[in-house]
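Shared between the two complexes below is chain A, which has chain B as its partner in the first and chain C in the second.
Then we have the complex of A and B:
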């Protein structure tokens, strides 16, 4: 569309980045936090901060919860087993109207008090791929579009690059800010390129059947059939059946599943249609020891205990797909890699943020007063520092709201989410009204809120950083506090640096004016 | 000014929308052919899902690199017509 190939690609890179940058930043920011979703959950739900049990509770201890689900005519009931990152059991059942989940103490088997929060697994992680917009799964489609744009941005970014190798080693922190931003953009882009491409691509593949239903429709009657067949869940497509059939011993079924797997432990047990004549007990294997997500589902008849089906072995194509989704979902147990994912994710955030800032800096002189420029300027601050502030507000609201809080008909968990959105909105408005100081003020605010979050965690739970450091099962809490403090220190430094630079600029402008007079 | 803006909008719509439906059409034919050649249904669809994003990306970039917009428009139209013709010929969800 421009005179030559490279220039058209440059045009695409610029505008796809400016238009979808804020959505991409939100996706990558929430994705980066989701790397530590269980750890954030532990921080946000102090009741679940318990020492891991040495032996696994028998499944029959959850019988009362199952009976409750049967009485409520639930369509399913499940138990998630404790893992390396999550010490407690979770029971969950869903009726037509709502979903009820509970945390269970792994030693006593007693129900832990409700934390009244969605936490990271139910707010931050879903936000990562739905943007919390449920209307007609619009959010998922926006994320899909932004992900395609990210792939296009990665490819066009490489094409418009002249000296890709030199940029590995080029960083000029003392050059003018525009140059420095571009260097930072290039380093985080080039060093993290495999990460950006693989994570974006695998994310698209995970939701592939949603985005491209054409392939499924060509050979299957519906998407459900493909989902069931490719996941070994065909045993779920049964009639509803009649009520009044008891569920057989879960422990016996679990033992058979374990022996079929050669001793591996289940990650989740599901009872579908509990209490019905057609109920099914299914065991899903954990995938902590491998990248490939292979649940190897084993299903039993719920009322007779007979083995119904075992998922067929993964074909090479399915294995390739599960490898990709495994790379994205990081269910494997490997702490160094998990931290690497986190750091690379932050690198992606830096990449997107510096791209935005570079666009602004290179146009500030020429178009600083135009409405389009002002719009991007406001959106940039709101979507970069704004979403970080909003996340911190979510954490702080979690520590400040009393148990069972209610306001304007909203429950505690919804109030936390409201705090998130209110602060985000306020940050956007602030960016729009005060473009000169917005970065300084919001960086300082990030530092302040992050420190406040650490102090509040200390006051409300007594788990201060020194205590968490010496208790093994509190390390995730200590780690989150440490990251919050590190982030606070970095933001204060950034605010200081920015305000000094603004001071210099003002002096320079003033002296230039003085000379002109 | 306004006509150049119109062109940009047309190009974006063609790339995002046209590219999407063209890739869908290709994917549909691809999956059907693989199944007809004896591959299992879930394998065919999964392979299609993994490849279709690469195709869509290439089509997207092509529209923005192409100087003559009508060429990509004609190509997409051809692919979409083939896809729909094919599916109405063999029917859905065999």
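Then we have the complex of A and C:
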């Protein structure tokens, strides 16, 4: 009975991993990169590489942008304040047709040139939880399914691990490749288990209203009402109003918000229905000093400046939910934890990749020529080394495309995304067509593309690694270059190791044939 | 900078805790070229190791608060345990002095 249970768990672990492994790797890879989304943005948007301001600009400096939003009949307008990870202001407004975003110099208040990229905050981070599939929120549902599978994989993995305590620290790098892969899979799985479980579970909690709407539907008339109340946005439930109403001084309203918070600064200022009689000015407090995401929103009437609402204190259940969201979203200011998340995220990627590779190595002799095996090998290559290559292509396209580039009706930002998908597809096809060489070639290609990205950053911006390490506000750029170079070195080493191993194997086969003759 | 030093100290504490736990296992003692510990001694070392891990949690929570402290401790636990496993895999002799220290104490106790 016990053996049957373990066997059935083993079956579930194997097939859930093989079927959803590609999606899980994409989610974890993009999530790991999202840990440094602002820093990647700084690398991809050279115009925003400016020194931080010592004092904040008055909000009235953005009045012309607000007037522009009113003239465009925007439904909202907002300003994001600089932080220690992002030195510039960002203004944004949305009309029915499009969203206009601008980066503002924190010292002069001048508009910075448009970088023509989605960067990490608008491509890599959304990809992490939507896979860029917006049709009927299908992407979110697939991510939810994969996350549930990940939890099942963690639990079944523990059940089928026969000697979990005996092999707790066991890693045999000099054993045969299959053994080594299993050891690596085990230590990255078991030792990183708290991270895998907590991050997967908190991800499900963040999108809980989508996956488990029954609880929300039982209490609220619709999801929108739940969203407004739980986020302190009840002031948004107003009718459109009539146009022509002025918006009161933003600085005076900001001063009142600061005094209500006891001196804390806002992270974001939102004007809803700008220019309408029902306009609202809302201030969202920054929550960088705590794990719990508690924005404490204060809203004023836009045309009279009268205080309308302040978010109520979080209930214990909501506080628990916000703690879990907070530890997943890492909006807090804790550099050590940010790096630890990054390293552990890479550990999760290693876990998924070694799972795939172990499956392939275990079946290579028996099923190596079967179409199903080759299909999985192609998908595995595409989803492991392929997505890394695609990400590097995204970075390289960012440095190579000229400003304002257009091709086949696609704008610059869309061209970068197209480069990502084309390279990803090519990596999958390559994996299917050239299974013997795929890992060697793609590892070498990763090394090459990562080095090229660093060189291109130097050529196109003049920010070479030596300069970025000596200028404080360029450290994020230097950090990204350093990580790219480290990744390149590791990839070249992996390619070298794999090609040597393939060479030894070929020599052994030839000598065996020679002996037989 | 202070944050980094604190985290480094905490990480070191957890690393020592996990190294002690690993060095009570026969396979890792063999890898470090030391003899197996008697069961009683192994239990004592494991208790000390667990105490170190718990103490690290207390210090982290006291210094960084409940939320950050717990996250820092949990993340460092995974990372330092991986560090111990990788060192035992690639360069086990680096932990040999620690493994021998456990034996030395044992020899002294036996003499007494």
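The rule is short, and it goes like this: the second predicted complex is superposed on the first by the 514 of 517 C-alpha atoms of A that agree within 3 Å, B and C clash if a C-alpha of one lies under 4 Å from a C-alpha of the other, contacts with A are read in each partner's own complex, and residues count from 1 in each chain.
In this text, contacts are C-beta pairs under 8 Å (C-beta built on N, C-alpha and C of every residue); 3 or more make two chains touch, one makes a residue touch a chain.
On a predicted model such as this, the values are computed, not experimentally measured, just so you know.
S.K.: Given the alignment on chain A, is it a clash or a fit between chain B and chain C?
M.R.: On the superposed model, which is not a single observed complex, chain B and chain C fit side by side.
S.K.: Just chain B (first), just chain C (second), both, or neither: which does A:222 touch?
M.R.: The answer is first: A:222 touches chain B but not chain C.
S.K.: For A:199, using the defined touch cut-off, is the partner it touches chain B, chain C, both, or neither? Pick first, second, both or neither.
M.R.: neither
S.K.: In the superposed arrangement, does A:292 touch chain B (first), chain C (second), both or neither?
M.R.: A:292 sits against chain C, while chain B stays out of touch.
S.K.: Tell me which partner A:423 touches in the superposition: chain B (first), chain C (second), both or neither.
M.R.: In the superposition, A:423 contacts neither chain B nor chain C.
S.K.: If you stack the two complexes on chain A, which partner ends up touching A:247: first (chain B), second (chain C), both, or neither?
M.R.: neither
S.K.: For A:74, using the defined touch cut-off, is the partner it touches chain B, chain C, both, or neither? Pick first, second, both or neither.
M.R.: Once the two structures are laid over each other on A, A:74 reaches no partner at all.
S.K.: Report for A:20: first if it touches chain B alone, second if chain C alone, otherwise both or neither.
M.R.: neither
S.K.: After superposition on the shared chain, which partner residues are touched by A:381: those of chain B (first), chain C (second), both, or neither?
M.R.: After superposing on A, A:381 lies clear of both chain B and chain C.
S.K.: In the superposition on the shared chain, how near does any CA atom of chain B get to one of chain C? Answer in angstrom.
M.R.: The answer for the closest chain B-chain C C-alpha pair is 18 Å.
S.K.: Quick check on the output: what are the common chain A residues between the chain B footprint and the chain C footprint?
M.R.: Touching chain B in the first complex and chain C in the second, no residue of chain A appears in both lists.
S.K.: Note which residues of chain C are touching chain A in the complex, please.
M.R.: Going through chain C, the ones touching chain A are 3-4, 7, 18, 21-22, 25, 27-28, 67-68, 71-72, 74-79, 81-82, 84-86, 88-90.
S.K.: Along chain A, where are the residues that touch chain B in the complex?
M.R.: Residues 1, 5, 8-9, 11-12, 145, 148, 151-152, 155-156, 201, 204-205, 208-209, 212, 214-222, 226, 229-230, 315, 317-318, 320-321, 324.
S.K.: Across the complex, what residues on chain B touch chain A?
M.R.: Against chain A, chain B makes touches at 11, 16, 23-25, 27-32, 35, 40-50, 52-53, 56-57, 60-61, 64-67, 83, 87, 92-94.
S.K.: Under the stated contact criterion, what part of chain A meets chain C in this complex?
M.R.: Touch residues, chain A against chain C: 166, 168-173, 183, 187-188, 191-195, 198, 290-292, 323, 326-327, 332, 334-337, 340-341, 343-344, 347.
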